[in-house]
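Quick heads-up: structures coming right below.
In the two complexes below, chain A is the common chain; its partner is chain B in one and chain C in the other.
So, the complex of A and B:
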């Protein structure tokens, strides 16, 4: 019963948070002066065109009417249409979301694997050169702005490795002949490496530092001393008694940093011209494309809330103090 | 045209490439790096890098300037521009020849025969007439975007398959320049969207189903990725100058540094707009050919010239604005901000205009004289060195106040705007005027300048709350649009100054209906003089337009960007 209460409270809180986020998404973007039509900066955008657009897009209605319409549509699973392209928001957002998910997954996997590995080694070999190397590399990457690191990749790494710096595919691939799935896969990976590596390195720094800290704390516990006294191998002591108990803050960190991952990927995608959700959001902001922004931020909000909910539920599973 | 966005938004937004990239109105391209003199080799994929993307393939609904380039590749035009002997001239595209009636109201175009759409259907005068009539029919609604290219059109008719006659309500001074921006679509495809209120014409997105997309230009569309690569391949049915390439792959870059890095590493063949800070780097590369021509984009100090504004009315005085302008070191702006790739400009339409008034100014950098003018006008310096505007009386009375102002600046400039501001600030400080920079997102800053919520030309409201801006315009061969932006008719729309001068507006109307070229040129130049004498803008510099391609390719003519199909059909491999 306690488990049911815990889960239901968490779910209810998540739902309330989503509703607040939906409302904030609507209000925040409209606090600036102007709208999607006034933001049109093209010679062919005559006054007649702008007036027609404002009417067609419903921007001539009151904010309250627009809000009611927004909620009604959302209740039906309709996120509206882009004010710029006039295509459904889901149609506009799905391709960039797919691109971002692949890149973020690759970068996050890299950061988790190397972050944990380096953090564990640093803690295990505290005070050695390995520890110092891991600590300083972690601090260095953690403190680098992602976009700056991305530019360094473009200027100094891309040419050296022969990797493309923009887009998600080779412009000539499959133009004059069919490309095999393997060709396409390799090409996608080549385009994904630099942005994913940039994201991964920044996150790696953070994960390595937190894992090191958590491991140091855990390795100083009495039960670790007991395990060693029992004659367990170093590896088993670290893996079973050290790392497992240090996982809790790591789970929290990964969940909490999901927001940063998406936020950080905005600047990374811009540097690498990577057509993901971050790039879509930047351009939607510039164009005051409210439905795209609302849709994108709703999905980002859901992903963060979902990740936090997942972390809460994992806590329930991992931490006996919560479930017990 | 104000840039956006970019150039994203005059591009970036704004008309970044449509007009930014338009070549200069005089002089041939100068180049550096390798030169190509080998024979034309057919074939190859031309990989083009651009900081502008294509948002639509529907000429009735597009925003981004790169879409305009796509239309040029995909759809027929009656006429287009070519660049011959150092100047732009109208030449035929679908039309072979044309003539006008004595009163200038009726224009007859004789079309090429045997022309076809990409699906093999005949391309006839009926298609032209239908597109024109449909555009005019919904001009204040779904087709408003293309309607300016047919301004004042009464009707169009096709007496036979190769003749189309356009009937205008009044004589129009720039019919051919307008029609150069008119794209013909296939009636047999688009007519099914001409139902009800015609909204379907605007919402139709041909790119959603490439297999059913019908085009009539030199290329058809093979692949479209909005924020990625768009691929064009030659249309075998095309009736004009055949492309040399097997395909053109146009890739969108959000980051110009990446684009330049890809070019240097051999992953891009042609960059249609090189950032100023990258030009010298590319010039040092022997495998890259850099071409530079006089550009169309002019930067300026934009003065709020709204005669009804309440505050800081001393800035309405042309003599004050002239005095301050004389303290701005434009040479320094050219060297520091544009790396030397710009030149001074005086007229609003710029040097690209067919009717540029070359007798304006030039504005001299002479701050001593500027200071003397301000002293003489009664703006004395205070103890802190900042001048005081004396109190005034009457309807727009204002108390004595220091001459301290904000300068607004959108973020979408394609040059280092804050650095340009620093140089302006230095000059103004020398004149005893203190300015601070207010940077805004392009849409926000533009909105504040041009179209605040309470803006209404009927009540003369709007254009308050700011005094000075620094921005840019991208001119065009025909000066009509640039001349329009300072009319009252563009208040709350394209006007960024709030200037209200009925004499000027009357001249604008007159030039619009003057068919005789010489007579129209005289009126236009008189209008340019009025803008100059009133210091509505202080024109600073005109950027050069610079493109670059790798060795092994040739035929790129930057003058033709966004003006002609030849821009895309002439590039070829050499060897």
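So, the complex of A and C:
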């Protein structure tokens, strides 16, 4: 039962990590001097209103009670209410999450495709100009702060391509009669391209470098020599014997870079005023809306933990040598 | 192209021989021999020099208004003026000081925590090892940049706080790396002999193990400097930086908030980001070539499982 052991171990680890993340989330936000209510920037709020809010949030009880309450609420999918809009946090966060997921998916897909392509070509043509170009372009993008690359995009690329640089939809769209779904789709894409491209380029740098090194590593293995000795074509050798094996570290890498992808997308969304979870976080920080910040952080952490679990399982599927 | 594939196989076997015969090398040797290490070191040295000379070169307040806002580059102001009418060159030099300070201090905090955890886990093994490494496993999964943003939002906007926040989040890779290294050093004959001669744990750690691990720790710290500078730009860009100091991250933020783009003021946007890119590039090149030369495990796995751990630079550029 090699499979069962491994899977149950990884799942257990993920569940424990979720607990650690939830606890960290609780501790971080409750060790503040003052609490969420007193931190709220709200001039008209009366003392009585604040007391009422505190009672509502359970802030008048002991920390341990609060922790239990927090876990209980989370189990029901309740992450509290936004202090500024009075809406449930889950309700507030859902639309931005959808926007972010679309943007991040597009950017990550771009970076994976180009990263693998350039990485493989570099490793294959090692030492040539193509390799050097790929390597240095990878290094350059890898060293750039994403928000700065975003600004460069707005400054140089947006005007040149005629793409919008802010928001997610054209305010004039649909004013003169209903817009067809195709128009809406095109409009969305036009707004998504620049932020996604920025994210994609930053990640591309990292992926290209890692794919290159993983490929170099596998191309030096004995079985590649065997494959060549068998008379397989170069392309076949690279694809089935090189890339197939080099894919393993790439899977781990993509999952583990999710934390960075999310971090990068926060600043990128801010640059492009793209209404995703990152912009939501920035606004929540600005207005000291801690329930939103807490909810967003928890969701981001959970998604990273989930992605890691997925990568572990995928790894298991891809590499028969892995065992619990 | 057939040559390149065969070349790969040849280089791999050759690599093993070389690493076996040439291994323990000192940092100074590597820094002087590897072209990538020299390039990286030169970049870092340049910026450190600028940061050190800043008090002499910049007379007066760098933030002082010396002309109209977003004045284009001219002979007197080679990089123009920013959105507050201050000289960009002065601002960049002042920024170098703070950014490098944050980078080095946060890296030292990380290296200290990571080094201690790694040393203890590797040296004592058993329950200590399991506990510490389990803890590391949990921390490593928490997305670092969002955590930093949240911590910075909650705990304040002073430079010290930012340094501490970055420092206590980035120690995990160091801990794993050092632990692995200590595990192998611990089993060497000279350590066993020292123990047989009656050396205590403290003496073994500080006298016999730490000196062997130190070069790798230095290499890792150089890499950490790059991540820390990067992280500072994130935190500052979101308005969570120390409002009283100027860093490169702060200059990028200012350019964004002052609408440098609408004014077409590329001179206010490009230079600070370029400085960050160059320093991160320099530290990556230098730190990586040190680590690659010092860490025998990298011969086996060219990839560690963490962002910013891209392995392949050493010797590959000048191969063939």
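Some notes on this structure:
Simple rule for what comes next: the second predicted complex is superposed on the first by the 283 of 324 C-alpha atoms of A that agree within 3 Å, B and C clash if a C-alpha of one lies under 4 Å from a C-alpha of the other, contacts with A are read in each partner's own complex, and residues count from 1 in each chain.
FYI, contacts are C-beta pairs under 8 Å (C-beta built on N, C-alpha and C of every residue); 3 or more make two chains touch, one makes a residue touch a chain.
Quick caveat: nothing in here was measured; it's all calculated off a predicted structure.
Of the two partner chains placed by superposition, A:185 touches none, neither chain B nor chain C.
In the superposition on chain A, contact of A:94 is made with neither chain B nor chain C. Looking at the shared chain after the overlay, A:223 reaches neither chain B nor chain C.
Using the contact criterion defined above for the overlaid structures, shared-chain residue A:86 touches chain B, although it does not reach chain C.
For chain A, the partner with contacts to more residues, out of chain B and chain C, is C. Touch criterion met: A:17 reaches chain C, while chain B stays clear of it. Legend: residue contacts after superposition of the two complexes on their common chain; A:271 is shown touching both chain B and chain C. In the superposed model, A:279 lies in contact with chain B only, and not with chain C.
Residue overlap on chain A between its contacts with chain B in one complex and with chain C in the other: 32, 151, 154-155, 270-271, 282, 285-286.
Interface residues of chain A, counted against chain C in their complex, comprise 13, 16-17, 20-21, 24, 28-29, 32, 123-128, 132, 135, 139-140, 142-145, 147-149, 151-152, 154-155, 206, 209-210, 212-214, 216-217, 219-222, 224-225, 228, 234, 237-238, 249, 252-253, 256-260, 262-264, 266-267, 270-271, 281-282, 285-286, 293, 297, 300-301, 304-305, 308. Of all the residues in chain C, the ones that touch chain A in their complex are 1-2, 4-9, 11-13, 15, 137-138, 141-151, 153-154, 226, 230, 233-234, 237-240, 249, 252, 255-256, 261, 264, 266, 269-270, 272-273, 276-278, 280-281, 284-285, 302-303, 305-308, 310-312, 316-317, 319-320.
Put simply, chain B touches chain A in their complex at residues 1-5, 8-15, 18-19, 45, 47, 49, 55-56, 61-65, 139-142, 144-148, 199, 202-203, 205, 222-223, 225-229, 231, 233, 246-247, 249-255, 257-259, 261-262, 264-265, 267, 412, 441-444, 446-448, 451-453, 481, 492-493. Interface residues of chain A, counted against chain B in their complex, comprise 32-34, 38-52, 56, 84-87, 96, 151, 154-155, 158-159, 162, 164-169, 171-172, 174-176, 269-273, 275, 279-280, 282, 285-288.
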